[in-house]
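In this document, chain identifiers A, B, C, D, E and F correspond to the written order of the chains, with residue numbering beginning at 1 in each.
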Amino acid sequence: MADFTHLNEQERARMVDISDKTDTLRTARARSGITVSEEAYARIEEGTNKKGSVLAVAQVAGITGAKKTSDWIPMCHPLMLSGVDIHFEWEQQEQDAYHLSITSEVKVKGNTGVEMEALTAATAAALTVYDMCKSTGKDMTIGPTYLLDKTGGKSGNYHRES
Amino acid sequence: MADFTHLNEQERARMVDISDKTDTLRTARARSGITVSEEAYARIEEGTNKKGSVLAVAQVAGITGAKKTSDWIPMCHPLMLSGVDIHFEWEQQEQDAYHLSITSEVKVKGNTGVEMEALTAATAAALTVYDMCKSTGKDMTIGPTYLLDKTGGKSGNYHRES
Amino acid sequence: MADFTHLNEQERARMVDISDKTDTLRTARARSGITVSEEAYARIEEGTNKKGSVLAVAQVAGITGAKKTSDWIPMCHPLMLSGVDIHFEWEQQEQDAYHLSITSEVKVKGNTGVEMEALTAATAAALTVYDMCKSTGKDMTIGPTYLLDKTGGKSGNYHRES
Amino acid sequence: MADFTHLNEQERARMVDISDKTDTLRTARARSGITVSEEAYARIEEGTNKKGSVLAVAQVAGITGAKKTSDWIPMCHPLMLSGVDIHFEWEQQEQDAYHLSITSEVKVKGNTGVEMEALTAATAAALTVYDMCKSTGKDMTIGPTYLLDKTGGKSGNYHRES
Amino acid sequence: MADFTHLNEQERARMVDISDKTDTLRTARARSGITVSEEAYARIEEGTNKKGSVLAVAQVAGITGAKKTSDWIPMCHPLMLSGVDIHFEWEQQEQDAYHLSITSEVKVKGNTGVEMEALTAATAAALTVYDMCKSTGKDMTIGPTYLLDKTGGKSGNYHRES
Amino acid sequence: MADFTHLNEQERARMVDISDKTDTLRTARARSGITVSEEAYARIEEGTNKKGSVLAVAQVAGITGAKKTSDWIPMCHPLMLSGVDIHFEWEQQEQDAYHLSITSEVKVKGNTGVEMEALTAATAAALTVYDMCKSTGKDMTIGPTYLLDKTGGKSGNYHRES
């Protein structure tokens, strides 16, 4: 019996070791969004969507999504989030297109950052808006989704230049 | 003891009843993507990313994400997906920016469509690429994310006009 | 080598075989509730609870709870629910105690009933109300929780005599 | 392009920030229960329930339920529980009705309390008893469910006056 | 802008399409096991294990594990299991080593087999025995784990030759 | 109304209290494996398995499995793992049987060990290999699965004597 195969190191994936990183307060804010039709916009604002109150449900989806991030992103470390907040803001883009800007804010006291949790929260909220509005048309577009800023941790602060 | 409050109907959310819809073959394809730096692109293609093989992990994340869609999107019906496939394609955008186009394809025999599962699969793959590459810079942008097409069901086929 | 121990049959638990039951439309309605203080009631109705819109979040919790029933109740069969709906109604009980009555309604086309899903939905909504209001006092009481009625399946219809 | 809509602040839900709360030992005990028929009671005690050993399964459901609390209650913080224990006690109520009293006890070293985990544990155990006994009749009633006491944290100790 | 990279087809993973397979009754039985010390054996049989009734908990873990198979095995299709049963049998191996044989049996009416569900159920039960007994020594060995037989589906019946 | 039944203490299961254990760095390594046919071996190594790159997917399954351990093993404490790594190595056993040895390595800073996480990671990887290769024959055998070593914690270090 002899070892005769050595796996290609390129094929390796790992959840990298963070046990020597220190517990500090870390925050991250991310942004996503969704562009919807005038009809979808009106139903959201008037509360006449047949699946219910779109933004209330999307907000819950964003918060619960943040908590499930390490279940969705395979190499992401589990974290005990200390706070999650989701904000919405409408922007009219053209005559008949409306963009819902979604901003998430996540905090943790832990030894790795919460960038992925913030991105996942904003994304889950956007997907939920799509789901609740898709009976009015499937031409909606989600994104762009990106990190706004982060604080804490050895890599220091980050602020996206828009 | 008297009832005296009636909840505002606007506030209601529900998982709408689909019990009278028929079981048919349904498919959906969605697209997401992520724009990364030249360094991130090179590490992905050369297999030198420290967290491992980025696209292999992202593909698994997309497939498992599709299966968890009804856990992520509150008003989404649970479905027993019969197939999920994820494709990647690189497009050079500028001198030093590379866009990874992510296409998901989902099938089911069931009584509601799989648009959300396709969108979720593509999104989970994109978020996973972000996670695995973020040590090379956090300026990546995810999206746009949208439905390419769907077939089956009472509402008929849909094909996005690009 | 000899077999010498036979497990006590009493200790056995199983997810009973339902493969010979037929797929039919099945419904169930359950009720739970929570008795809260006047302050908690006022904050819910005025929308001044610091954790947010209590009933909107509780409704989402009830619906997502119904979908997770087989993950919570060990011997419960997984089911693809076709619809879930949650209703709230306030009843004043005494000068300073308010009871929120929570009614869930669940539908499925499947080979086992949805009684547990209805009970779980109503319960998850009640627990969520407790969570969101507990900063105003922990004396709230949840329940009673019971099945209102069910239809479909071999065991026939059930309607609770109040 | 101008911002023109401002979401109603009432509609906001958030997982409140607890990052400035200190890690201390916290405990909570909660009680739920279920009233069952004489037949159900007899089958539980004699171990002749067709789904298996009711209280053994309910105890596991209570413990695993406690660990999943932040997945069930949307605004609940994830916590690494350090201990969960579930106790059962029968009380005869009338000639042919038996009440199973379910007491849960949860401990954590963390920066928020475990009241919801204790309530969820007791509730999950009660729902499991219902599930395993429902073939003997659906007239069972779950509850009342309430917090018995808690210790630790800034808000101090709580002990319910019965 | 030009496509210039084509992913290596070898790197592809997919949840293969089973939408053209027919719904039939399918069963599978698998076996795992664990070899434990005399002390662990005695504590299990005498009910003196400090974590509780080992086999009762392991049985629940096996059943709930079967239901979560598609969450654990990335390319596994979600299935609505119609029945799961777990059996234990002790075999004395040597003077001071005891082997607990664990047999799982899973049924489904569906369009793909339940081999993985049966293997996962038996495995989850074995891991749970390890967890509950590990304070008495960590030299336990799990396995071998294999499929005993399967019925139903296009690939026909299988029976392992021992 | 009188208490008249006292549950058999033997039947009790609990998630034992670890709140007085100290947070230290803890590691564990476990081993599992799977014996496959020459055809399965060849398809894995040549990348011609129809479900995709077997070892890449198995590695992801092992890592995500480690993170879900407390969801799979009922009395297992939730832990925030700081690192997970999975290694594969082939050993030829006979002319036409190949054994894939799977070694997992898990780290945590916490108040209980990660033996179960390491065992679960190795097992999930082995089950995933079975799933992806089972179309080439179902005679594969998983195991033996055991703990290689652990460090940290009050019970001290452990190293299995092979």
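Basically, a residue touches a chain if its C-beta (ideal position, glycine included) is under 8 Å from a C-beta of that chain, and two chains touch if they have at least 3 such contacts.
Please read these numbers as outputs of a predicted model, since none were measured by experiment.
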Mutual neighbours - chains that touch chain A and chain C alike: B, D
Same-interface partner of D-F, chosen from the options B-E, D-E or A-C, over half of the pairs matching: B-E
Chain pair, A-D or D-E, that carries the greater number of C-beta contacts: A-D
For chain C paired with chain D, centre-to-centre distance based on mean C-alpha positions, whole Å: 13
Between chain B and chain F, centroid-to-centroid distance (C-alpha), Å: 29
Centroid distance [mean C-alpha coordinates] between chain E and chain A, Å: 34
Shared interface positions of chain F, touching two or more other chains: 11-16, 52-53, 56-57, 59-61, 64, 68, 71, 74-75, 79-80
Touch-based graph of the chains, sorted into line, ring, star, complete or other: other
Touching pairs among all chains present in the structure: A-B, A-C, A-D, A-F, B-C, B-E, B-F, C-D, C-E, D-E, D-F, E-F
Contact footprint of chain E on chain B as seen in their complex: 25, 45, 53, 55-56, 59-60, 63-64, 66-68, 80-93, 107-109
Chain C residues within the chain D interface of the complex: 9-16, 32, 47-48, 50-53, 56-57, 60-61, 64-65, 68, 71-76, 115-116, 119-120, 123-124, 126-128, 130-132, 134, 138-147, 150, 158, 160
Partner chain A, residues of chain D touching it in the complex: 1-7, 11-19, 70-71, 74-75, 77-80, 110-111
Interfacial residue positions of chain D with respect to chain E in the complex: 52-53, 56-57, 59-61, 64
